[in-house]
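I have placed the structure first, in the form of structure tokens, so that the comments after it can refer back to it.
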Amino acid sequence: MDAQLPALVIVVPLLAALLVPLAGRRAAWGLVALALLLAFAGCVRLLVRAHALPEGEAIRYALGGWAAPVGIEYVVDRLNALVLTMLSGVAFLVALWMRRSTAREIRPPAVTGYYSVFLLMAAGLMGITITGDVFNLYVFLEIASITAYVLIAMGRRRQALYAGYSYLILGSLGATFILLGIGHLYMATGTLAMADIAAVFAREPQLYDSSVIRTAFAFFTVGLALKMALFPLHGWQPGAYAEAPSATSVFLAATATKVSAYALYRVAFTVFGVRFLETGLPVVRDALLVMACSAIVVGPLLAIRQHDLKRLLAYSSVGQIGYVVLGLALHNADGLTGSFLHFWNHAAAKGALFCVAGALAYRAGTTQVAALKGLGRRAPLTAMLLTVAACSMVGVPLTAGFLTKWYLARGALEAGQWAVIPVLLASSLFTAVYAWRLLQLAWFADEDGPVAEDVPWSMRAPSLVLGAACLVLGVAPLALPVAQAAAEALL
Amino acid sequence: MEDLILAILVALALAAVRLKDLLGAAAVLGAYSLLMALLWCRMNALDVGFTEAAVGAGVSTVLLLAAVNRVGRREQGPGVSPLLKPALWRLAEHRAALAERPDRPLLSARTMALLVVGLTAAALLYGARDMPRIGDPAAPANRAGSVAQHYLRHAPADTGAANVVTPVLGDYRGYDTMGETIVIFTAALCVVLVLRQAGRWRGPKEAP
Amino acid sequence: MRSTDSLIVRYIARRSVPFIQLYALYVLGHGEDGPGGGFQGGVIFASSFVLLGLANGWGYGRRAAPARLLDPLLPLGCLIYLGIGLAALLAGGAFLEYGALAGSDDPEVRRHWHHYGLIGIEVGVMVTVSAAMATLFFEMARPARVQARVDRVGEEADRA
Amino acid sequence: MSGAVPLLGGLDLAGLGPGLPPLVCLLGLLGVVAARRRPNLREGVSLATAGVNFALVLWLYARHRAGETLAWEGFSLAPGLALSFRVDALGLVFALVASGLWILNTLYSIGYMRAHDEPRQTRFYACFALAIAAVMGAAFSANLFGLFAFYEVLSLCTYPLVIHAQTPAARAGARKYLTLLLGASIGLLLPGLFLVYHLAGTLDFAPGGLLAGVAAADGTLVLAFLLLVYGMAKCAALPLHGWLPAAMVAPTPVSALLHAVAVVKMGVFGVSRVVFHVFGPETMARIGADDLLVGVACFTIVVASLIALAQDDLKRRLAYSTVSQLSYVLLGVGLGTGAGAVGGLLHIGMHATSKITLFFGAGAIYLACHKTRVSELDGIGRRMPITLTAFAIGALSMIGLPPTAGFVSKLFLVRGAAADPAGAVVLAVLVASALLNAAYFLPILWRAFFRPLPAGTEAGVHEAPWPCVLALSLTALGTVGLFLGHGPLLDLARAVAHAAFGGAE
Amino acid sequence: MPVALAAAVVVILLGVLVLLRRVIVGPRLLDRVVAVNVIGTKTIILLALVGYLAGRPGFFLDIALSYALINFVGTIAVLRYYEGRVRRGEPVEEEA
Amino acid sequence: MSVLEIVAAAAIGLGSLLMLATAFGVAVFPDFYTRLHAAGKGDTLGQALVLAGLLCLGGDLTLVVKLVLIVFFIFIFNPTATHALARAGWVSGIVPWVRGGQDPGAPREPGA
Amino acid sequence: MGFVVTWLLLAGLWLGLSGFFDLIHLLFGAVSVTFVTALSHRYLTAGGPLGRGLRRLFGLLAYSPWLLWQVALANYDVLLRVLGIRRVDPQVVRFRPGLASEFGKVTLANSITLTPGTVTVEVAGGEFIVHAIAPEAAADLAEGAMVRRVRRLEGSA
């Protein structure tokens, strides 16, 4: 069974997603949780195995028994094992978290369908991550996208439809660009397997000068930037996060854009290769650097002005994705390590924050920031969660967020990009401003908000795990060795 | 011959864009799909042509029309199905607001779209500079040792299927096809979820 | 959606249904030999119901392909596909390695099983695609009157 | 307490060494939260934590005196980024002062909070415990990162203390407090940290300065120095002092904590660390950073004293006095002479003890008769003799008159200044400052003791509750005691100076 | 023979080109639909011809056959919704 | 070139010309209904001719069956579609054009 | 019985289309034909005795050559009008051909549409509304050869 793990971690959620519509409502939730638990266990096992592998090797799984260029191959190395574990872990926690929340936010007959779509999205995101084939990546990107549109559109307010719709339009545009990129890539190399394409590049370095390859890379970059809501292509994101049902927001915000960022890393480093970034098309690198930096600054600035907690968090995500991309733009070991750490760090922090928003929606029926008033008294654990996660977002030392900034700053200094440092600091300051506003309301408000008591334990416990992760990841460097090894392997 | 088909395609596309009546545009797009499929077949991509015909000209036209019909009902007044209305309405309002306001933003939606299309076209043209010719045996996708050659040579022996496309889709890259099937499933499920849930729901009745 | 009032269109649409469906299955069955396969076959199969719904009224078409039937068929097709993949996995091969189902190393036998696997997954694809396309159509084209009833029933169910 | 205490299957508890005080304080935090529904137990836990903590510090001090090297590797967050702890003389100065006064501060708090029947007391005590944990962590941190981390934690966990009253004024003050401190630490300290790491490749403190052997342009080093010093805005060097008076809106025990013990001393302690163990005197001298620091300190001393003179609000006057006094420490460590360093470091303890007495006094006055302005204090010395006597002792120490603690540190400062080539200016500043101190403290005493009470208010004025009085009496005694028995502190300060400047004192 | 086939294809394509005038000019929606329908039926033939040109008539005829079905469905669909518009009393032509 | 091939070529040529003619018909006829005449008929025969020509080129049974089937479908679907179009025009109130531009009035009995 | 006939019809169609006669294709074909028949044979054989349906089918086969000829004529006619040789002078006529069955009406309507100069516009009840491109095309509709033939075809019931 161990050998079959790479396939199973994807297939099991898929299978469950197909069975859920046939199962009853109660059994459905159990199935979701079980499937995601199994997937998580599998991913952890894969992470352990991948980390134990010698440098430069990966776990390979040939789907259909056809080895790579002929068939589709799953490749698990340290980097994507890291992302996979994050994905399945968050998905599992959200699955635990969402039972009560969906019961309140989703119309009862649609709940099983919602679960099914949720599982499909989780499987889709994991599929994007695990695959070693550019076209297969696109297929799972489609699954993840379509499900995301609907998971958003199922929000209770009318605006949810609009939010889902605008994501649909922009997401499809992005997906189209990615497909164009794949097409160009295939045209120039004649193969779709990532490793094989890389081999072609190694064999024929003159391909780097080909306009086909350059166009392909540009398409990939723009398409994935759209999908990951990289400033200034983030237009779809705030509405989507704000209007979606709580469980969707938690999962989407914690994982979705990061997977696109991961895909960009894969494409840039594994497929095109570092040399292409350095010599082939350096302008893209500079453009990414500028975009990442503007995202890092502008995201929190926009967040400061928001009155809706989910919208505020969404804008903050706009900034946070900048951190994830920054490593790519710096492309040295420290910068990459910082970005890879951020996959986990931000997932934990943003997941926890959206859990707070979900708790607010559950208890208060609103996600207005003002509803946080008195949270510290009525729901102290949730308020603690908010505090810890917000500190992590700011990058307070001893929380996970600090490590990200530390490595990114090191990477920036190493790369000679001094200007990045003020950007990082400014972003921390802006983040501190809105985090402070939230905490102020939660702990130091005089009058009480609409929250009467804390959410049920079935919601509290999973979200606290995320909050604890913010602290644990900040003190005990669980992900660090893997992230560092992954960064070094990419370069 | 291809030039003629392409010219017709461009003309049809322009006609579809120019038509304000979405019903007509959908019909024109159906014809567009048929000719597109012809082009695919002309390039010997039979399965693609087949799919384009069956889906592009058939089902998707019908679905487009159904959607247009639903949305078009907004002119009718009360008792209207609410689906999709907010989205398109908002868009319409947005456009109306843009038209009325003298200080409209630098880039209207239309300019933006034009910009995107223009840039994409420019990129495609740039990319076409070094593209191999269609059917060029020396092209990376066709040359000896390429995956395509492998498929052509081994597919019948591997799977006993005469049409190479089928084993490529169903066997060598069967996993992709599984993914696509799941996409279809997802799409249907999603539409069911959204459309059967179209009525407004305010949550369970007990006080939160 | 009421039926179209044209007797001729209604008549022709009804009569052509079996032919369209048979043709769809032909497309499915000969995917290995010619163009087409489960996807195209599924779409054509579904278009027979679409035609019925268009020409003879939404209700007429929906009776031919009721939601009760289509809803479970939707995941079923994918389940067939996944099931074949998992069967291969359990038989000791990789996921979707149809040859492993043969349980023998003889290339000839394995080739046959590859063929059977292909047919199997094409059937799965067709089931899902046709159910999906028909569902899409019937959901999208649902007349306002029926939609209002659905909404009402839904809201009553919520209240209950 | 010597040797390994086996716990949890071989975990060497004593081996945690310098890690123990912060951990104990964290345990205290948990205890406070757990006992939130039983005030007596809660306060008991607070007091016990403070006591155990002081005992632990004393134990560490004893073992350090015995020549043991005490260190705990702690957690490694990342290569080059670790939370590790080591006991050294400089840290012990800070830890001893802080943990010792903490007990009294806790005692005082109990009296103050109960008398006032303040709301949100659990939050108050929890944050207190976290604050002392941060102080202990910072004192024993073996690297710049640990110092920075605990510095930040201290900023954050004192914010709820400042905003405690949650009145509009408290909110405004707290906002200014956090904005300035966080802004400085994120905007200046953090980049300084990055820069140091980038230059040296390590953040571990080293006796001669971790930047000692680093080849870098002087300008860069000066930049790093300024980033670090001003990043530590808690040292309240002008112009980043604004948070300090603003934070006066907090309850008095908090002000005492902020301005005498924890927060401000964290600032000057941090600067001392930077001077001695990040840059090292040699590098400092080479790049001219010492003169820079002295200049800043002199400027702050004079200007802040002048501002204090104009304040009518008692606590604000004390606050500006603190701003000025803190720069004595900066002056001392910046002088670049052994005696100066000793004087500066001693002043950490001396000023802490005297200033806490002053704040306790101010708080007691407020508790007893709700007076906050200097102009209202007429004649209360006669109704509250203990409080005002203690206050007077504190004030004398501020001015630097014997027999109070302030005299000792100022004496060393003067000796240090005399040894400095440019000492004349410094000496002038010291003298001027002493005069200014006298000018704003003596009128208070004059009013309290020699002016009659305004008619009609006699009934309302009496001594504060006994824990308060006890606490401030003890600190006043301590102020005098440190004049007499400053030996241990002096030894530690000398050890630091010796390591930095060799034998010359 | 191929020449004849190719010539026929070109002739029919020219026909399509002529029909485009109706598609673009209209003036009514139905005029466009007529033209589109005719383009569709012509495409069936084009496909058959191209199939013979390519030497794989069987495969192409499969597709042509499905075209015949699909084109019908498409036309019926357009008219169906057009008539729905008429029945609801909406203006049938939205274009000014 | 065999006789059959010549017949085939002729049929294909004739058929394609017919289709071109109907295209012109659709383009030049004065009103919607008259255009339908062109669309509904010329196409049907043109297509049948072309397919018949292809039939002459021979092939195996399936080819023949398919060609016949296509012709069959065209003969069924084309007039039905034409009728549906005409009917749609009729119910939406498109007034038939008549020579001289006079009011067509109500539908007349034949020959009246 | 309708099932069997439909099955046979579809099976014949399948064999003609398929062209493969190996076991797996035949098996698949049999399954397909059975499935489609079971699902949809009612659309073919509903509404009338089986014998009538068969007779109509064969009648239709006999009718088609004549129709084909008419179609050819129609095209000639349209061609002339396109080329401007004959005048376009449209008119709309209505008449009652007196057909009872759907089958008859549909056959006639489509025949009319295919033949010279006429397009069936509407069939409502027993009445046909036809658009004729020229008066002479409309003239012999009501009692023309076509109506007679269709009536015979229908009447064979």
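Letters A, B, C, D, E, F and G name the chains as they come in the text, with residue numbers starting at 1 for each one.
Keep in mind that, in the parts below, contacts are C-beta pairs under 8 Å (C-beta built on N, C-alpha and C of every residue); 3 or more make two chains touch, one makes a residue touch a chain.
The model shown is predicted, which means the values in this text are computed figures rather than measured ones.
Novice: Taking each chain's centre as the average of its Cα atoms, which chain lies closest to the overall Cα centroid?
Specialist: A
Novice: So the centre of each chain is just the mean of its C-alpha atoms; given that, what is the distance between subunit F and subunit G in Å?
Specialist: Chain centroid spacing, subunit F to subunit G, equals 15 Å.
Novice: So the centre of each chain is just the mean of its C-alpha atoms; given that, what is the distance between subunit D and subunit E in Å?
Specialist: The mean C-alpha positions of subunit D and subunit E differ by 87 Å.
Novice: Please compute the C-alpha centroid of subunit C, do the same for subunit G, then give the distance between them in whole Å.
Specialist: About 30 Å separates the centre of subunit C from that of subunit G.
Novice: Counting in whole Å, what is the centre-to-centre distance of subunit B and subunit C, each centre being its mean C-alpha position?
Specialist: About 21 Å separates the centre of subunit B from that of subunit C.
Novice: Could you tell me which residues belong to subunit G and also touch two or more other chains?
Specialist: 13, 17-19, 109-110, 120, 122
Novice: Counting only residues that touch at least 2 other chains, which ones in subunit E make the list?
Specialist: 9, 14, 16, 33, 58-59, 62-63, 65-66, 69-73, 76-77, 79-80, 82-84 - these are the residues of subunit E that touch more than one other chain.
Novice: So which bits of subunit A are touching at least two other chains?
Specialist: Subunit A, residues with two or more chain partners: 14, 18, 21, 63-64, 107, 109, 116.
Novice: Output every touching chain pair, sorted by label.
Specialist: So, checking each combination of chains, I get A-B, A-C, A-D, B-C, B-E, C-E, C-F, C-G, E-F, F-G as the touching pairs.
Novice: Over in the complex, which subunit B residues touch subunit E? Could you list them?
Specialist: For this pair, the touching residues of subunit B are 1, 4-5, 7-8, 11-12, 14-15, 18-21, 23-24, 26-28, 30-31, 34-35, 37-38, 41-42, 44, 46, 49-50, 53-54, 57-58, 61-62, 65-66, 68-69, 72-73, 75-76.
Novice: State the interface residues of subunit G toward subunit F in the complex, per the touch definition above.
Specialist: 13, 16-19, 64, 68, 71-72, 74-75, 78-79, 81-83, 87-95, 109-111, 113-117, 119-122, 129, 131, 133, 135, 138-142
Novice: Which residues of subunit C touch subunit B once you look at their complex with the stated criterion?
Specialist: 27, 31-37, 39-40, 43-44, 46-47, 50, 54, 71, 74-75, 77-78, 81-82, 85, 95-96, 98, 111-112, 114-115, 117-118, 121-122, 124-125, 128-129, 131-133, 135-137, 139-142, 144, 147-148, 150-152, 154-155, 158-159
Novice: In their shared complex, at which residues does subunit D touch subunit A?
Specialist: For this pair, the touching residues of subunit D are 75-78, 81, 83, 123, 145, 148-149, 152-153, 156, 160, 163, 166, 171, 178, 182-183, 186-187, 190-191, 194-195, 197-198.
Novice: How about subunit C: which of its residues touch subunit F in the complex?
Specialist: Going by the criterion above, the answer is residues 4-6, 8-9, 12, 16.
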